[in-house]
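Here the structure is laid out as structure tokens; the discussion comes afterwards.
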Amino acid sequence: MSIDLDALYRDLHQHPELSFQETRTAGIAAGHLRDLGLEVEDSVGITGVVGILRNGDGPVVWARADMDALPVEELTGLPYASTATGIDPDGNTVPIMHACGHDMHVTAMIGAVERLVAEQSAWSGTLVVLIQPAEEYGAGAKAMLDAGLLNRLPKPDVVLGQHVTPLPAGVIGVRPGPQMAAADGITVTLHGRGGHGSRPHTTIDPVVMAAATVMRLQTIASRELDPREVGVVTVGSIHAGTKSNIIPADATLALSLRYPDDAARAQIIAAVERVVRAEAAASGAEREPEFRTEHTLPPTINDAEATARVTAALERALGEGTVIDPGMFTGSEDVSWFARDAGVPLVFWFWGGVDPEVFAQAKAAGTLSSSIPTNHSAYFAPVMHPTIEVGVTAMATAVREFLD
Amino acid sequence: MSIDLDALYRDLHQHPELSFQETRTAGIAAGHLRDLGLEVEDSVGITGVVGILRNGDGPVVWARADMDALPVEELTGLPYASTATGIDPDGNTVPIMHACGHDMHVTAMIGAVERLVAEQSAWSGTLVVLIQPAEEYGAGAKAMLDAGLLNRLPKPDVVLGQHVTPLPAGVIGVRPGPQMAAADGITVTLHGRGGHGSRPHTTIDPVVMAAATVMRLQTIASRELDPREVGVVTVGSIHAGTKSNIIPADATLALSLRYPDDAARAQIIAAVERVVRAEAAASGAEREPEFRTEHTLPPTINDAEATARVTAALERALGEGTVIDPGMFTGSEDVSWFARDAGVPLVFWFWGGVDPEVFAQAKAAGTLSSSIPTNHSAYFAPVMHPTIEVGVTAMATAVREFLD
Amino acid sequence: MSIDLDALYRDLHQHPELSFQETRTAGIAAGHLRDLGLEVEDSVGITGVVGILRNGDGPVVWARADMDALPVEELTGLPYASTATGIDPDGNTVPIMHACGHDMHVTAMIGAVERLVAEQSAWSGTLVVLIQPAEEYGAGAKAMLDAGLLNRLPKPDVVLGQHVTPLPAGVIGVRPGPQMAAADGITVTLHGRGGHGSRPHTTIDPVVMAAATVMRLQTIASRELDPREVGVVTVGSIHAGTKSNIIPADATLALSLRYPDDAARAQIIAAVERVVRAEAAASGAEREPEFRTEHTLPPTINDAEATARVTAALERALGEGTVIDPGMFTGSEDVSWFARDAGVPLVFWFWGGVDPEVFAQAKAAGTLSSSIPTNHSAYFAPVMHPTIEVGVTAMATAVREFLD
Amino acid sequence: MSIDLDALYRDLHQHPELSFQETRTAGIAAGHLRDLGLEVEDSVGITGVVGILRNGDGPVVWARADMDALPVEELTGLPYASTATGIDPDGNTVPIMHACGHDMHVTAMIGAVERLVAEQSAWSGTLVVLIQPAEEYGAGAKAMLDAGLLNRLPKPDVVLGQHVTPLPAGVIGVRPGPQMAAADGITVTLHGRGGHGSRPHTTIDPVVMAAATVMRLQTIASRELDPREVGVVTVGSIHAGTKSNIIPADATLALSLRYPDDAARAQIIAAVERVVRAEAAASGAEREPEFRTEHTLPPTINDAEATARVTAALERALGEGTVIDPGMFTGSEDVSWFARDAGVPLVFWFWGGVDPEVFAQAKAAGTLSSSIPTNHSAYFAPVMHPTIEVGVTAMATAVREFLD
């Protein structure tokens, strides 16, 4: 009797968990992998799960799915929408939602493993399944590797991963070379001097310092980066103060930086630090701002040869014209660490989750970017079908490309 | 046996309570007032306390002390520093501190009532003591009045109040006419469109919208208000987003506006709304920003004649040269509502809480505004002596000026 | 036969001259003074004129009128509107207009001298008339003093001056103590690195540097200066670049600072320099910005006793209720230098130039500040009557107050 | 006896002329073309020159060189540096410099024609030489076409052009498809209300309005445009005011917009207008801002097949590896109009002008973008050799590719 992937997906979607807190999700995934006969180890890198299917001689494929959700309040209105809350690292109670589709990743991976087990006689080699935590922190892959994966597991010949995205359901997007940007997450703390809201002249206002900093940071993308290259400086959060009539002492900014390569990283980080320090100086800050790098994600670069093999295999499996070059994405991933640390090729592809008709209408209306919710939106909601089936087929097909 | 005011002050300081949650403080104050023989009513305006001392024919004086504390983490290092926390209106756990000296106000009021009771044979009339909640919300005086004070209590001939401030201990600051600015507290919610931090072009970034708004709001004070008049636009808090790589959908600003009179209020509020709406439009916001007025505080205007009487009485009681004109303060108070609603004169004065030697040194060094912590600072700490005694004497003296 | 003051005023108005280029105006004034029998010296401080009327023993009064115009294109539509142009210090051809009413000052002074000559038998002492250039540069008074005035002329007992302003015609505004703010004019040059408009990443954009600087300078008034004191930071001009597709190398800002006293001057200049340097640093400027102080004007402080005498005399001459306290003005003047360098009292007053009915209507409509053109506006236009007569009477009366 | 191209180049460099004022340059070019035997027409499109070399049957090639210079003060320190000045369209006297290398374009074109004339027996067809004015205004090509070129001249089969750029001398950069961005030049006039610098509250400060607008315009590139596409919003000039103490009434900005295609043009122009209007509204402007499109340049898109032919021919002529894909340039050109209006293929390539050793050192030091002056810089200075020879060879070779 086969696994009910629809029920699995709805269940995961209704029970999203924050990064490194995915114990329920991990438990469910581990349970299915065990049921399917894999050797399973859990709590790898805090909450990660590793499943190994040894099927005779042959190459080793590491297939990775990430499983964490986001502190976003779901607004999809779906019958299986999340109403979950959790405690974020600052101790605040926050709503949680699978706003990046990792529930779909886990579902498709379980379905793919089920199929690969069923087809076991047709291929040989070793499949290592990685159910990874905390991709959203950019920390989960490193956490699993830090748990000694490369020493303990069969060394991979290739690393595979996939991500659901606002392409039409049925379509695969993949390209050789740069597929996703590199990224840093940086927290900046600005120090002013607090006081009464009616006496600004006795204070150093960190709200104004922060606002001026945000405006000046815009000029890095608009003036300092080569317009022909991908470069993004996003201030994803800004927090200061408690009441209207108290000028607080500090402000914090959380920055997300995207860039194509290491040279651009050096340039963009130097620019951020220069701007932040200068704006603190403009305010007459008595204490230097503080910078903390929360995570660094390498560029996601697909191996040319391995990608060509996967592309061809997926075209055969899903139909001609279903595999497109989606261009480079400005988003980032930590899946690369598995391949980089092992020194082996990576293939990472996107698969569509948007009703093809809805997609076609939005394209015709020129509203693709405004009407189709993107990953991390409170309205992000892949259609279940054929998204689940395509995700299963894509992952199983890609694995078999290397193990047949 | 007299009340131990030092112990009372330290106890109140160590147990600060947020606005409308001052049940412990109110209980202690009500207890002392009852012990001193006053008719006491509590839970007036949620947590307010009214004490009435009827002492024969004569005028009626309303003497008010406010009692709430602030969501500030105390950094004074005092042995009796607060480590208290509480739940703010948003449900967050926050540190609490008597950063505005209301503990001193309550202590001095209890001491003054004790002295007035002891001197009962020397004066006649009625003293109404108001221990007011939620001055920091600008809501407590209104809450007490809304409980029907003017119908139920003896109608006042004058309203008195005092506030501890960074003048030298021993010094009183009071002036006829405008003594404190009027104020509004306004919450602004800006609506953008959320999305992934790496795809800003699919979003309407509320962090940038908020930052541009904060910078533009600065121009109200710098360009639109008459430089000869008091006018302040403070953004006391700014909040948006949860993580570096999610562009949030909304941002909220809490504004404190200070202005000298009603015409200026109309001008400043119109300017704030114009700027906020325009900056939302500049961002291409799909939804109008929202404004919520949290409180409106009238200007604190001292009655000329009554203030002259109090000034002379305090000079006699505290020594020649101890009463100065401190100029108009840009801060605001809700004490005026008692006098405005009753249609009677108000006298509201400041008394110093800074060690005179420390004050003199700071003045000589030109560091008054930077080295002496002001109200609402995490370092605000009146010296206990002679601040308590001067507060007691000042209030008792002013009351007797009208009841002798 | 008396001087036709209307014709004189219209002539001066139609022939405005820029600072230190007032040769025609000076020639006309010198001619009238000579015709009236004064000893006249011209070219004092480049284009200034000094006239001396020795009329027996007694005190010495220095009476000053300034005569320069502004690089403003007149938009009044008056029949006698200026269409003059001139060459500014940068060599540019600019329109010129008497947008600050100095033509009225000269006219009233000539009329006052005519009257004083006619009344010569009724007073005794010495009148020194100063027709001063370049008040708008804040440099003319110093230039005349640098020409040795204090050594060569009878030392004054008092210095008098007057300025036409948007009060109702017939009204005098004067107050003892601070009458006008102090001021600095500062030119700031920001250095970037130029290049092609399509390649911003190869440049350091001085336009963005200048814009960020202007926005940040707003926070000096909004956050750093005591809201209870007069403080203004105006960027009166900004210039950078020649074409849309060339990013220029430099930008220049011309700042006007207003402040009440020397302590505030130190604070405000330090803040300006801090902000400008920090914004250059935020841009990564390779060269420090440059600051040039164009002029420094002292505060205009009226001597209490001399002002009381003038106030009383003007009330007698012009009618009760015609002399009001206009409050402190945020504008600045260089007339103080004459009194400061001589160490004698100054009295400087304003006289109204607005049709009283128009003024009353604007006041009733609450549009005083928006509908009545102020000094330096392209629409500034005192009504000729009774402004000329009141100016003549005011100056003659004040002079005689000290010489009768 | 051959033309002395070195002398020609130095002469043109020392005598730069502003757009549509290139009479001396045009005269020199026309003279050489006539001397070489071409039919020459001058004053085509104000100052343009057309030369026709009919050499038997065959295709028609239009070869274009632009000839105008820029209002930039030359800082190269070269012995043949320009000290020329001219009158710009606003009537201002400005320095002029060949900061974009059009002197090199004319020199190379004359040299190429000389060679083609010498090799006349080896090819057949018609060469039309276009010496175009006012490329910097984006107006010269249109002006020549508006003079009826397409009706009067032999219709082209292909249009060729070349531009000197900071690649190493000896290197050609060319790619099929998008080679340069499209562009608009837009002048924006912001309307405030003027007044005295000390009375900002009576004015609507256009300097602050302009500064806020510049800062907000940065967010178009940083937040609104797809980070994967070329998009630039440059404010190349900003002008407001004349003196520190006069707040002016207006400010003007000159914007240069760069974008890859028509859809992006619509988006970027809508964003600019939205931001500008909103910032005017934020200031409370009483009059709408004004927009004037100074020029619109189409994208420069190289025909794939024709470019492949030129690429191969240049590799053969200049050596293997000398022709590289330089990527898309963010700059813009009006050469496309000739091909677009004629409906024929365009090939437009870059040739290097930097000493190869200097280039190599800068590349090694990572200072390519900061140490090598780019087009429009006051330091832009191609080395004469081998830049002239390579330019001659490239143009002659490309022409013969189509006429052999």
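When the chains are written out, they are named A, B, C and D in that same order, and each has its own residue count from 1.
In this section, contacts are C-beta pairs under 8 Å (C-beta built on N, C-alpha and C of every residue); 3 or more make two chains touch, one makes a residue touch a chain.
Quick caveat, the model's predicted, so the values are computed rather than measured.
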{"item": "Intersection of contact partners for subunit C and subunit D", "value": "A, B"}
{"item": "Of B-D and B-C, pair with higher C-beta contact tally", "value": "B-D"}
{"item": "Whole-Å gap separating subunit B and subunit C, where each centre is the average of the chain's CA atoms", "value": "43"}
{"item": "Computed distance of Cα centres, subunit D from subunit B, in Å", "value": "64"}
{"item": "Residues of subunit A whose C-beta touches two or more other chains", "value": "198-201, 205, 208, 212, 215, 218-219, 222-223, 227, 232, 258, 330"}
{"item": "Subunit D residues touching subunit C - in the complex, by the definition given at the top", "value": "70-72, 88, 92, 94, 136, 181, 183, 185-187, 193-202, 205, 207-208, 210-215, 218, 232, 234-249, 251, 254-256, 258, 294, 329-332, 369-370, 374-378"}
{"item": "Complex contacts: residues of subunit D adjacent to subunit B", "value": "198-201, 203, 205, 208, 212, 215-216, 219, 222-227, 271, 274-275, 277-279, 281-284"}
{"item": "Residue ranges of subunit A touching subunit D (in the complex, touch as defined)", "value": "215, 218-223, 227-228, 230-233, 258, 263, 327-328, 330, 366"}
